[in-house]
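Multiple structures are listed underneath, in structure tokens.
First chain A sits with chain B, and in the next complex the same chain sits with chain C.
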Partner chain A sequence: MAEELKDVVLEYVKNEYLEEDDDEEIGYDTPLISGGIVDSFSMVSLKVFLEKKCNIEIPNAKATPEAFDTVNKIVELAKEIGGE
Partner chain B sequence: MSSRRASSGGTGQRMGNMGPYSERVRDFDWSVAEADLGYTEGDTINIGAYCTDRICAQGLGDKVAMYWRNSEGKEKAYTFDQLRLGTNTYAQFLKGLGIGVRDRVCVFMDRIPDLYIAFLGILKLGAIAQPLFSAFGPESLVTRLKDAGTVAVLTTMRHVRKVRRILGELPALKHVVVVDAVEGKLKEGETAFDLEGAEAVEQFEVYPAVKETPSVLHYTSGTTGPPKGALHVHGSLVQQHVTAKWVLDLGPDDVYWCTADPGWVTGTSYGIIGAWSNGVTQVIYDGGFSSAAWYELIERYRISVWYSAPTAIRLLMRDGTVAAKRHNLSSLRHLVSVGEPLNAEAVVWSKEAYGLAFHDSYWQTETGSILISNYPGMEIRPGSMGKAFPGITAGVLDLRTLEPIAEPGRVGLIAIRPYWPSIMRTYWNNTATYYGKFHKNWYITGDRASIDAEGYFWFVGRDDDVINTGGHLVGPFEIESALLEHEAVAESAAVGKPDVVNMEVVKAFVTLKQGYEPGDELELAIMNFVRKRLSPLAMPQEIEFVESLPKTRSGKILRRVLRAQEWGEPIGDISTLEDDED
Partner chain C sequence: MAYSTKAQEFYTAELSSTREAGLYKDERFIHSAQGADIEVEFPEGAAVQQVINLCANNYLGLSSHPDVIKAAHEGLEARGYGMSSVRFICGTQDIHRELEQKLTAFLGTEDTILFPSCMDANAGVFEALLGEEDVIIADRLVHASIVDGIRLCKAQQDSFKHSDMTHLEQKLELHQDKRFRMITTDGVFSMDGDLAKLDEIVALAERYDALVMVDDSHATGFIGKRGKGVHEHCGVLGKIDVITTTLGKALGGASGGCVSGRKEIVEMCRQRARPYLFSNAMPPVIVAAANAVLDLISRTTERRDKLEWNATYWRRGLTELGFDLKAGESPIVPVMLYNAKLAQEMARDLYQEGIYVVGFFFPVVPKGQARIRTQLSAAHEKEHLDRGLAAFEKVGKKHGVLGLGKKEIIEKFGK
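Moving on to the complex of A and B:
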């Protein structure tokens, strides 16, 4: 389940935050927020994606730039709050 | 490193460069600032040269001007002499392209060294620098480039794609310059420029700018219509220089970090000009927010003066004092904030976390420099914006009559008596709106505040529908126009809603065209649609699908009814609101 979620989130990030012809390689541990791929404002659409498309409710207090910094961290957060 | 660490954060009693506020206010004249800059009336005053050549002439050529670091840990350092040569080289290159005095040249890049060097090179040439936030999408970009009649865009491989998409709409654009070009990846008509590979230009004939020569064009959002370009002049340096010295308290031993992006006015007035005209070393960080990365940066470079924004401070607060205490932040000695009102809790927290209070400062894109602030030698009242800078006459005006309010504590419109050195000289292509900002010999800021009996200003909020999110002004008109371009949207209204971190975030109310149903998928699609077209800042963080929007009888959407609803304020008598308004 976690593996599946990882791929879904990574796919979403690639589709929504990279330009069509962007050749930047991103993986499960690529820094998204601190690396400047997703800024703290855009993070909200990622949170909405997790909530609405993956049914993972993330409390605002837990939706920090650190917790959203990589796909792996996002999946860890999802596990922690029992959203799997 | 600096040995001037503050002895007191809470009361701010340590006397800084400014000295006692009461004395400075008494006999201040802008000639004091000019003398400090080494300027005498009639001299030329080119910002590019004052920030580089002049500093080298003072014997500081070998001093580090910029420590640059990105999120991957890559680092570079540039001395003032390298800055001088780099800006000369950029100026010469642009001249070679046929770019001349008053031509608008856009810098559209992430925070890489080229951004800072090119900016000053453009000014040395006498052209007008137009920095734009690199997160802007094609629509935000085209609006601003078209209005300015921009002749050249300097950008990078990462962002040139956005420029390519809008080329057909920009007849004035003659040059697209890519500063990190990859062989074989440029399109026809694009030019590669590699500063490191170019032959350094030792001598460049700097344009002999005078105080009124245009320098920088910064776009800012309003309630109605597209963003407006606030045009600044080289003479703004006088105020940027002295406020950097007195408000930011920059001195020769400081290592300074301004967290603002040069796509916004703080990032140029104080992230480039004010620091370097004072010969101060600054740190540039090209990376997103992370409290660990930020603290590591402060520790690594021994940053002593930090100019940041309340949104960032509130994000740091979320990680607590524990995160701060994991790092050695003892180099910090003066903290200043800008962009939105700095809440009292943040001031109190910063004392706990860093042993220093953040000093709030207030100004706008149009004003070019700090106007109201808390100063090193003055008592801080947490939650207050502070007092007017020496030489600035500031007051609050009655909301209805626009007469000055003498009574302490009564809320009115913040107004400043023109003119001061860094005030914008016009809105590009929009002089009518520019003159509309003045009334009875006051410049009306559009912000509301009260003044207490001791002259401290207390911010209340905007007087219009402009949304201040994370310290950036976002115009509802631009968002609503983008929303209407989505195939499902029939009508839209964008307002600010309260947010603990960003003060306000964008919320959109939307009615749908026939055949479309509200739903999570559509909400997410519309959010991302606006984000990609405009910018992440403009993306509605919430979309409410409604059957209809409140309107006047002639069909004008009443945003303020929706805004009042979001802020839990009384909506008032709707029957009167339904009459047409100005």
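Moving on to the complex of A and C:
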């Protein structure tokens, strides 16, 4: 389940944040926010996507740039809140 | 003492690391009025040097125009120095109303309300209009003041890839469950100089029932045949629900901003926008001068026509020299260098050649997108531009950037 969620989140990040002519390779541990791929303003889309996908509500205090910096960290956060 | 050693050491360390990363910004001291030629002291304590200014928002060359200065003097005599009041208590003069009416007529809207700045207009407009049941869908490159304004509002936030209408449409479909959807964009993007596709945005807004908000600060006065803005340029005059713009760029360059648009929306701002309710009224001297500016630009398009010629000439010149430019039609012409230190070093060398420009780097632009943002003015004559091009050629050759594209520049200098 966690493997599938990782792939779903990775796919979402690529579609949502990469331009068509971007040749950037993104992996599960690629720094998204500290790496400048996702800025803190457009990070909100990712939070909303995760909430809908996992049927959870992420408190604003936990939706930090650090918690959302990689696909692996995002999935960890979702598991923590979803109670898996 | 309230200011502890711990706090002082922390801030000192932060500032040091900013310097080490090549991201520190230095001020330069101008010993003259704003214009095409200015006198600058840089670094602090150095002899004052006359240089050509290629980085002001003085698009129509009105910042020191004699007619504008005369109107400011007359305004001071007739209406005094300051209002010492917010607008709704005792801070509204007849000339404030006159300016709001002139802006309404010029922008082709139903009503206008002044703010102390467009930064304040953007800070106040979203919170005054939208709540938790609504969503703001912003272009990812909107100005920082819009980002701040959106954060002050309780509406849900979302964003779309820069100028990507397909992505915007996806977001509009996604948010059909909200009460109101507001699309927000710059009219001219301040760092890239490109124009928003307002005709396509308006079409999508009509199809998906959304409001449209545009910050036209880098367009009002000179984009569009009559200088009304990007909405005029895109053929959607009268179809933008909310326009925010500034009096601090083309329209005199002093201070002030506004929200202009649908009558009820402006009225809501008058009743609820916090910067309007809690900040001092625009000073009479600036309002009087701004009224004169609106009269001038409504009477003739001479200045915006000259600006258009200057921008075309400049862009062609830099392209022929082999610089990597962001494509666009506005008088904002970014010379892309990608590396922050390179941008700063070239800006310093250009200054030595008598050209005043500034390197832009993170956080003003995204990491790896450093540039020298040049800006044209109707105050520039052809000789200014030719001297500018000669200087850019010399400095470009020195740093070995001519004829190189993005990939080559990054390979050579890093990001």
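For the reader, a short list of remarks on this structure follows.
Following the convention adopted for this analysis, the second predicted complex is superposed on the first by the 80 of 84 C-alpha atoms of A that agree within 3 Å, B and C clash if a C-alpha of one lies under 4 Å from a C-alpha of the other, contacts with A are read in each partner's own complex, and residues count from 1 in each chain.
Everything below uses one rule, namely that a contact is a pair of C-beta atoms (placed from the backbone, for glycine too) under 8 Å apart; a residue touches a chain by one contact, two chains touch by 3 or more.
As the structure is a computational prediction, the values presented were derived from the model and not from experiment.
Placing chain B and chain C on a common chain A by superposition gives a clash between them.
Among chain B and chain C, the chain that touches a larger number of residues in chain A is B. After overlaying the two complexes on the shared chain, residue contacts for A:K53 are found with chain B alone; chain C is out of touch.
Of the two partner chains placed around the shared chain by superposition, chain B is the only one that A:P31 touches, whereas chain C remains out of contact.
When both complexes are overlaid on chain A, the residue A:E66 reaches chain B alone and has no touch with chain C.
Of the two partner chains, both chain B and chain C are touched by A:E19. In the superposition on chain A, contact of A:S42 is made with both chain B and chain C.
Annotation: chain B segment clashing with chain C after superposition, chosen from 22-30, 310-318 or 472-480, is 472-480. Judged by the document's definition of touching, chain A residues 19, 36, 39, 41-42, 44-45, 48 lie at the interface with chain B and also at the interface with chain C.
Residues of chain C touching chain A in their complex: 138, 140, 147, 150, 156-159, 161, 362, 366-368. By the touch criterion stated above, chain A contacts chain B in their complex at residues 16, 19, 21-22, 31, 33-42, 44-45, 48-49, 52-53, 60-61, 64-66, 69. Listed in rising order, the residues of chain A touching chain C in the complex are 17, 19, 36, 39, 41-42, 44-45, 48. Contacts from chain B toward chain A in the complex involve residues 71-72, 110, 135, 158, 161-162, 286-293, 315, 318-319, 469-470, 500, 502, 505, 520-521, 523-524, 527-528, 531, 536-537, 539, 541.
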